[in-house]
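Each of the two complexes below includes subunit A, the first together with subunit B, the second together with subunit C.
Up next, the complex of A and B:
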């Protein structure tokens, strides 16, 4: 046992930071088979595996790791699929340090088993070497389901309902399916080919995907029912950019992270002029916010050729919400963190172009009743930065387009759909919802978990009633 | 704005606070979403408390003397925001910004009024109102701060 603990955690081979900060290729290169098997041997195969409790969808972690240690990589991938429809995605983007790895017993005295790396390894192995077969779908039920959106929650619902024999049509507003996995998270973190292969799997299972269809504008939820759909799932995410309402926020050169990343990812702006989506290439870039979206924006700006990229955040390092790995990668790529600092206004020239910004230093105040220490401005600490591109990444809101055009759909105070947390049922009969449109901006795995719960509830409805 | 007596100030401030009650009550009536309605009603109730505080003071000046001053933290979130107009169907975070800005204006107004007067009693009433509106601003800004912290991902 003690010998196992001594084996050091696998180090993920990565592209060199100096090279990768100027290209869009994936940063981690993946574990070799041998490395994966050694890493898998570090798992203690706990009787009561805490890692599983830490996983929002209870992936059978010790079981899949054991299969890797036995060199049954295909079996490991299949074990993952039992509970997780997108392991290749989750292995790359889940905040493992707060979930499974944060609970791993090995981590109590040393470094936890690299569950995320192993998940990525098994799923990638199967994609590259497996038969490419899709699971067999059950006998057709004749029930028609409309799934609105094509992000991780929608993909999960669609996959589960197809398996049960229902007909599924996915309606996606953009010209490509995949949701944030395609237009938000950049190529260097999540290669688009992976998402494309998952979508291709859904199509092989019989999913009908209609892109360029905005439900709420081109067709309403009510019209879907009129057209004969038996149930509808709403998984439209929370993609409405939020701004800070600061003076000068309309200057040319200030983008929402949403627009900035969509232009680079979905429309391949980084391949301009090969692709005709122009994208602003700032020299001195400032990103406001410190979540995954902010890190993705900062690292994208660096790859588009910026001389300097600063992440400005009003709290301290401990509160930065991005995954540890992203923060670490960003620092390696020479992204500067300017912490406990809040922007107060933007400066522009006579043509309305951004030239700089003013910031204020903050300190953490006394803990309030909730124990939270809030950033409070330090009087007279204003200072200026020069910058020619600002990416505002302070979160996003639910887009009211679909919700406001669907009568009887109850929303919560933030404009998100009110849905039963266990089943995803909304206030409208026959309508389910899940993912970011219900929770507000959250994570891929939570969106998928919601999708799975909803699919179970929808299947019950279609076979047993509301 | 010149005020001769404490009563005049109290009646001015009462009018302002009643207007705030009406503002939030009106928003609550317009709100189509149950959750938003509830939030506006809460804001209206808070402003109503100010009206009551002022009414108590009018009838009993001792209240003014016994009022306890505390330092209310100022997150200054709204101070740097530009004004926005209310629009039907506005998302809640925008509404919070609107309400924060309103409270900020109230603090500023009472601060200017307190500076303008030499009458110690009058000054004190203004300072009470400043503290009360600052508390509101702090509550609203904290709500917004929590929201940002949750949604920054």
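Up next, the complex of A and C:
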């Protein structure tokens, strides 16, 4: 008896690594309709789909995949929207290997169904070919809601509450809405036109977006209530860069990842001098850290023309927190990994410009609180190398600008807002919070999940009371 | 949109004043705070201190020196034009109280930054001696406004075209020698602030300076504006822009301001060619 030949997992067509490491265009080119339908046919349509358990917002995965296999791409996109306001974004940036795809049954014996690719496919198809219609909003309730921030959690809250008929105003500190999706994640991973199209959809649904408004400085949360807002959602992200407090950290050429990526993405420094904001183009670049932010910084530096880009990380390869796909992409783009290495100081010249750094070799010791083996310095292993640009990408903390100007808002000991994990309710009546400002730096989909829960709770409050 | 309602040229057209409609900001702003402006979508985010505010009219006033592409773009904006973006008020306001005798020292466009602080210090009951400096008298700005905001006003010019022939530091030293001074506020070019700070240190008088590092967001999220204050690194946009002068590393600040010299030159030259 001949064995049924298993269809292999779709391979995403991508820009050639040698070309793409010098341009800012998107890396994956997208599946063709035919490829998407073949990939969709690999899904077993499980009665108890484990993949859904792995998705923080319980996307109806088998249902939308089935629609793709039936060539109803528009229907698939609409199915996605039932639980996920930003499928074109999530299909691109979710750490699928730890979430939906990590649980997929097909993955137990082979490679999981490419849920992320399919999600991206359906959402892109609808954006490019669909009617551009937005969901109908319910009858106006007359309630006014202020949403602070415009990242994924804020976008989700705004969308859900608009649908329920409330008036929503988004207050964003920057001159463009989108949060990390516009200022942090680079163009080659998430084209800004996609974020702009999502925001345009919200506006079509009636959202009022006030950019250039720093809540806590331009207007306070208390003043929003005085101005007649019935409820406020805080989704301001985790915008305070961590530095390492090392000697020489203020030399010219040492950036926080936030600054490096904001200059490049939001201010479009990569298009300088067409855009006015400059960004240093390092020859020998070092990125400190190994998360998604570090990979984005390293790959950006390569695209800005570096000769060499090294990711310096104090643990080993296995502990690197970045998504597998990004690590793989970075390697293909000739980013080097210098593992088990920790910086100890920076060198500069008489003009205050960075010239190099000193590092220490590390080895892995006993597991620490996080369960990962703790890196311990090897005594006397100091060594130097030259570099002219360093991007410090070792995480971020909660920015106190809004929280310190909002009395009665309880914080945890790291300065994050204390909010009920199920509803997003804070210690202040009428105020909800979610996303990175509550959890610390996390993921797009978790921020969106928090937004969805908060929207439900806010709607209950507006109709039933606190 | 933040519209320009009044525009003046000062100091031979090297310094520009814009009064801008910004109701919310005008009502909230306090002395020592700044705004960030963008001329257009491709523009840089430029921090400028509010030289004055008028809550009744709902306007703020900025006064800036034309030094590079962004300020050159601002200069092209006419009455009735809009800035693309205006954000504020940002930064920690000056702590204003009646301490007794105060000296305010200003140089260049630092005088504009100093104006609201001087006004507030005098209104709080302080005896305010103001010392202003410029290269020559025709480059001096806001003489009348500063006179009105101070108890006593001294002018210094490098070329002797008016007042004391020499630097503000000469008059500062003399005033410190002859009076018991409780506070000095010095705002101007970095060398001016540095030398004022060295003098007041000798007299052990508390001194405030307003720092002007390069900024991006102005809300503490990027760290571009970091300055060394004593042994600490601070973000000038949220922890400042005012700091205890005796703790500031002026040399580091000066170097960091030169981060993009080549790019700034390239930008300005291309821009000047394009509008010529």
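Following the convention adopted for this analysis, the second predicted complex is superposed on the first by the 455 of 466 C-alpha atoms of A that agree within 3 Å, B and C clash if a C-alpha of one lies under 4 Å from a C-alpha of the other, contacts with A are read in each partner's own complex, and residues count from 1 in each chain.
The rule is short, and it goes like this: contacts are C-beta pairs under 8 Å (C-beta built on N, C-alpha and C of every residue); 3 or more make two chains touch, one makes a residue touch a chain.
For clarity, every value in this text was computed on a predicted model and none was experimentally measured.
With subunit A as the common reference, the superposed partners subunit B and subunit C fit together side by side.
Shared-chain residue A:130: touches no atom of subunit B or subunit C. Using the contact criterion defined above for the overlaid structures, shared-chain residue A:421 touches neither subunit B nor subunit C, since it reaches no partner.
Between the C-alpha centres of subunit B and subunit C, as viewed from that of subunit A after superposition on chain A, lies an angle of 70 degrees, to the nearest 10.
By the document's definition of touching, of the two partners only subunit C reaches A:241; subunit B does not. Of the two partner chains, subunit B is the only one that A:442 touches; subunit C does not reach it.
Of the two partner chains, neither subunit B nor subunit C is touched by A:142.
By the touch criterion defined above, A:352 lies against subunit C but remains apart from subunit B after alignment on the C-alpha atoms of chain A.
Of the two partner chains placed by superposition, only subunit B is touched by A:289; subunit C is not. Taking all C-alpha atoms of subunit B against all those of subunit C in the superposed arrangement, the shortest distance found is 5 Å. On subunit A, the surface touched by subunit B in one complex and the surface touched by subunit C in the other have residues 240, 245, 249, 400 in common. Of all residues in subunit B, those touching subunit A in their complex are 33-36, 38-39, 73-76, 80-82, 84, 89, 91-93, 97, 142, 145-153. Remark: subunit A residues 240, 242, 244-247, 249, 289-294, 315, 319, 321-322, 342-345, 360, 365-366, 368, 372, 374-377, 394-398, 400, 404, 410-415, 418, 440-443 touch subunit B in the complex. Put simply, subunit A touches subunit C in their complex at residues 173-175, 211-214, 217-219, 239-241, 243, 245, 249-250, 252, 255-256, 258-259, 262-263, 267-268, 272-278, 280, 351-352, 399-401. Every residue of subunit C that touches subunit A in the complex is listed here, in rising order: 24-25, 28, 38, 42-45, 69-70, 73, 84-90, 216-217, 219-224, 226-228, 233, 238, 252, 255-256, 258-260, 263-264, 266-267, 270.
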